[in-house]
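Pasting in a structure now, in structure tokens, and then I'll have a few things to ask.
Should a chain be cited, it is by its letter among A, B and C, assigned in written order, with residues numbered from 1 in that chain.
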Amino acid sequence: MISFDPQFLVNGLTTGGTIALAAIGLTLIFGVLNFINFAHGEYLTIGAYAAFVANVSLGLPILLSAILAVPVTVVFALVIDRIVFYPLRRQGAGALALLITSVGVSIVVRNLIETIWSSDTRRYDLVAGEAMSILGIRITAVQIIILVTSLLLMVGVHVLLTRTTLGVSMRATASNQSLAMSSGINTEQVVRWTWVIGAGLTAVAGVLIGIDTVLRPTMGFGLLLVMFAAVILGGIGDPYGAMLGGFVIGFVQEVSVAFISASYKPAVAFMIMVALLVWKPEGLRGGT
Amino acid sequence: MAGLSDISSRRKFIKTAAASGAALTLAGCTGESTGSGSSETITIGLLQPFTGEVGWVGESSEVAVEIAIDEINNAGGINGTTVEIVAEDTEAGQQTATSAIRKLINSDGASTILGPTSFTLPAVMGIAQDNQVPIISPTAGTSELDDVGGEYIFRTASSDSLGGRAMARIAEQNGYEEIAVMYVDNQGGRSFGKTVVEGFEALGGTVTTEVAVTPGKSSYRSELTKAFEDSPEFVSLTAGAETGSIILNQWNEQGLGGVWGLSDDMQTNGFASEMGDIIEGSYAIGPLSGGDRYEEFASEYESRAGESPRPFTAEGYDAMILAALAAEAAGSSNPAELAEQIISVSQDGETVESFQQGSDAIEDGTDINYQGASGPVDFTENGNIRSPFAVVQSNGDSWEQTGRIEPDQLEF
Amino acid sequence: MLEQFSFVTSVATVAGIYAILAIGLNVHWGEAGLLNFGHVAFFAVGAYTSALLTIASPSASQAYSFGFGMPIPVGIVGGCIAAGIIAFLMGIPTLKLREDYLAVVSIGLAEILRYGLMNENWLTGGVGGIYGIERPLTESIPFAFYNLFYLGLVLVALAGCYLYTKKLRRSPFGRVLRSIRDDEEAAVALGKETFRYRMQAFIIGAVIAGLAGSLWAHYTTALTPTAFATNITFTTWVALIIGGSGNPKGAIAGAGLIISFREATRYLPDVYGLGEIMPTLRLIFVGVLVIVTIRYRPEGLLPERNITRAEYYNRLESESENL
């Protein structure tokens, strides 16, 4: 047993920020489309590798590459929805058919990426910075960027959901689709925008992770269960819950290293998730 | 990775040959017993991972084994017969390895299996033993295998129980009293890491923390925090090159101090130059290759692969030569008879340093002792080797040998 | 000539074991409508239990502490029982959840189990695992025929599971189970009974998977935790989807197809330099196959008898409405 080191707090918050971003997307998509998308992790991976192509293969600066990664990923998400999920929805296929199909999608995308870029880890063309010491805690410039970006984007999502027509429509559709339709909301448009926002946020998360560490084809898939845990923790369909859930999961995972063997670290998120689903399935914020 | 694409075109050829060979064998159905010497070629099975994080092991060992094969065939082959290899991918997975080795033994009639790694060797050991086909692994270091070999299981790589002690010795020799030990949580990492811990404590030192890390993750900051919490002066790291580079980069970014002792996956000059200043002054251990035999091998390897030899390649070369010499000594390529000669050609006899030399000596009826490119490669009765280790340090660009550790320094 | 067939025999044996796994999963999904994505956990528990029960007492250099040296039939039965117990424990909290939650939780539990296998050295041998597991009747059967014998053993087990699940389907129990699966109102009317029926199905499917695990342990003679990752669950699912869910024959057909496909692609000559990427191409093909199957032929190759595609979609849809 070792003493608690505030360093864990910083590590946890930065890990949590990226998980939170990806989880928002997952929870929005679930709320509006009503299925658990097992391919969600792949948007993270696509975002990261799209930025890689821009940054390393095309030589663009990292900021521009990160920005470009978003529309690329969004297009992918929309295309995948159009050719795979939409036809099933139209046929009246239920959530389970979509879930199983999304498993197939995730296998295809992941392996396509591995076919092209191999399973070796990749890095962006960046200069590695040394950590600064603030109040005795080490934090790198990248980690600060991650935190700031995540928070800014979350504020943006909040503004979107509360102040724009689209956002209101999204929330309405998420809570009651038939009622939303009958009040004249164009649900297909809402669906499309949900993909845009969800996939876009997740793509940013992917680039941030790639900047902070490395890229590998399984980077998104590997985090999928953790994202689920964050979504469930925060209450399915609740974007604010997903934000909270992401930070809590990230934090708990990093801190757990102090108490239990580090090799159990990934299992910690799963244990939280299972415990929650059993005792408090509505999540921390209760009720959706 | 320019060098390895030459390797892959080579592998294409081998695979086509293998596939057509397999197809022919199936069609032919000659009913010959496995590995009998009367077929036109002698087949050696190369069972390694060619895909996944450790895919480089298979690709690089294939080059090394081919160097040996060419040398053997140029000297007239084994007992006058040409030798060829058939390669199969284990994907570092138990199930795949099991079906791959069955194919090599039953469909391809392999006389010896070279490989596989610590991840899959325990799973396929039984199959080889049941079929009485010897396995010589150039990479598997896990200490789980310490007591089980000698009849059909051999390895030209040092057991982790020796390697770990060597690492502990390095720390002790350089005056460090408090160390931390980090290792990846798999067969390769654990056995080495735990041995370092036990060894260092047996030498009277203190291990402040022991941290097992999950490989394949993108961030190890918390693990690093835990490992360095008591400010150890020296940290032993057992990990693959990819995981190692992430850990070392994040260590550097955090400015945590201390000196590293790195395991053999990271002991390539490629790694040293890629990491550059970050690991300047770090230690590593490696097989005591060097001397003319190794230089010859290294330059041949470099001309074929376009890069300097990866870890375990010289061991792979030696494994092949040993198998060939054992077959010569047995006068046949029947795997069971070959297996009986493996220990004897590796030690206790007239020193020979190449296949040609060994083959000639055997013809004269002399007992030989093959000294290899990777070291003396003398097998103990359990199929292990006891070689000295080289101590190397990084100068910011490559690894330089700064010392050596003899086997008897590892008894404590 | 027997040697050439030995390779084919080993592929068939692996396919047979997967077929048993798939039949177990079919009881979960096809009969009871349970979306169990943690199936590999039962497989692993069966394998490790049978191994530990039958292996000799460990020597000092082994990481694990227990070996009971019991005869193999005891091991196999023990594996089945252990898998059943784990299913019971897993089922208590999760079977009351809606289907897609079960999917997520079951993966989580299976992963936690795998981490346990990796870390609890005293029980499982940790990362190094257990090797040297006994094989049945090695003294009585001549070496040349042993693989054929083991294949026979697996096929007998497979036949047994198949006949049992067929009987199950026709029994009153099976009918109630299917009505719970298809019609949530019937389920609600049954109240607490729904849970009981689901739990029974869950345990049965798990016991079958445990049997597959035990057979696997005595076949490969070595176990490591890395062998029990989620891709086994997914392979089993793919086999079920493509072969035909709701149908034990479909489970067998699907398993046979997938495994043969996997092994056959090993032999493809290396045209167009594809050799290096063959493993990923293979997986891409499998993924596409899943997508296409659900889209155009969700009932799979061998559909449940007397069910039309429209009814099948109804089933998938009505279940989702209940979510």
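Annotations for the structure displayed:
To be clear about the criterion, contacts are C-beta pairs under 8 Å (C-beta built on N, C-alpha and C of every residue); 3 or more make two chains touch, one makes a residue touch a chain.
What you see is a predicted model; the values in this text were computed from it and never measured.
Because contacts link each chain to all the remaining chains, their graph is best described as complete.
Counting C-beta pairs in contact, the pair that comes out ahead of the other among A-B and A-C is A-C.
Separating the CA-averaged centres of chain B and chain C is a span of 35 Å.
Chain centres here are Cα means. That of chain A falls 40 Å from that of chain B. Rounded to whole angstrom units, the spacing between the C-alpha centres of chain A and chain C is 31. The residues of chain B that reach two or more other chains are 51, 185, listed in rising order. Among the residues of chain C, those touching two or more other chains are numbered 118-119.
Touching of two or more other chains is recorded for residues 261, 263, 266 of chain A. Contact residues on chain B toward chain C in their complex (touch as defined above): 8-9, 11-12, 15-16, 19-20, 22-23, 25-26, 29, 31, 33-34, 50-51, 88-89, 91, 93-95, 98-100, 102-103, 106-107, 109, 119, 122-127, 130, 142-144, 146-147, 185-187, 190-191.
Looking at the complex, you find that chain C touches chain B at residues 1, 3-4, 6-7, 10-11, 14, 59, 61-63, 118-119, 126-129, 131-132, 143, 146, 220-224, 226-227, 263, 266-270, 273, 275-276, 279. Of all the residues in chain A, the ones that touch chain B in their complex are 2, 5, 7-8, 11, 15, 119-121, 128-131, 133, 138, 140, 209, 212-214, 216, 218-219, 222, 254-255, 257-258, 261-263, 265-266.
Across the complex, chain C is touched by residues 34-36, 84, 87-88, 91-97, 99-101, 103-108, 111-112, 114-115, 225, 228-229, 232, 261, 263-264, 266-267, 270-271, 273-274, 277-278, 281 of chain A.
Contacts from chain C toward chain A in the complex involve residues 35, 93-94, 97, 99-101, 103-105, 107-109, 111-112, 115, 118-119, 234, 237, 241, 277, 280-281, 283-284, 286-291, 294-295, 298, 313, 316-321, 323.
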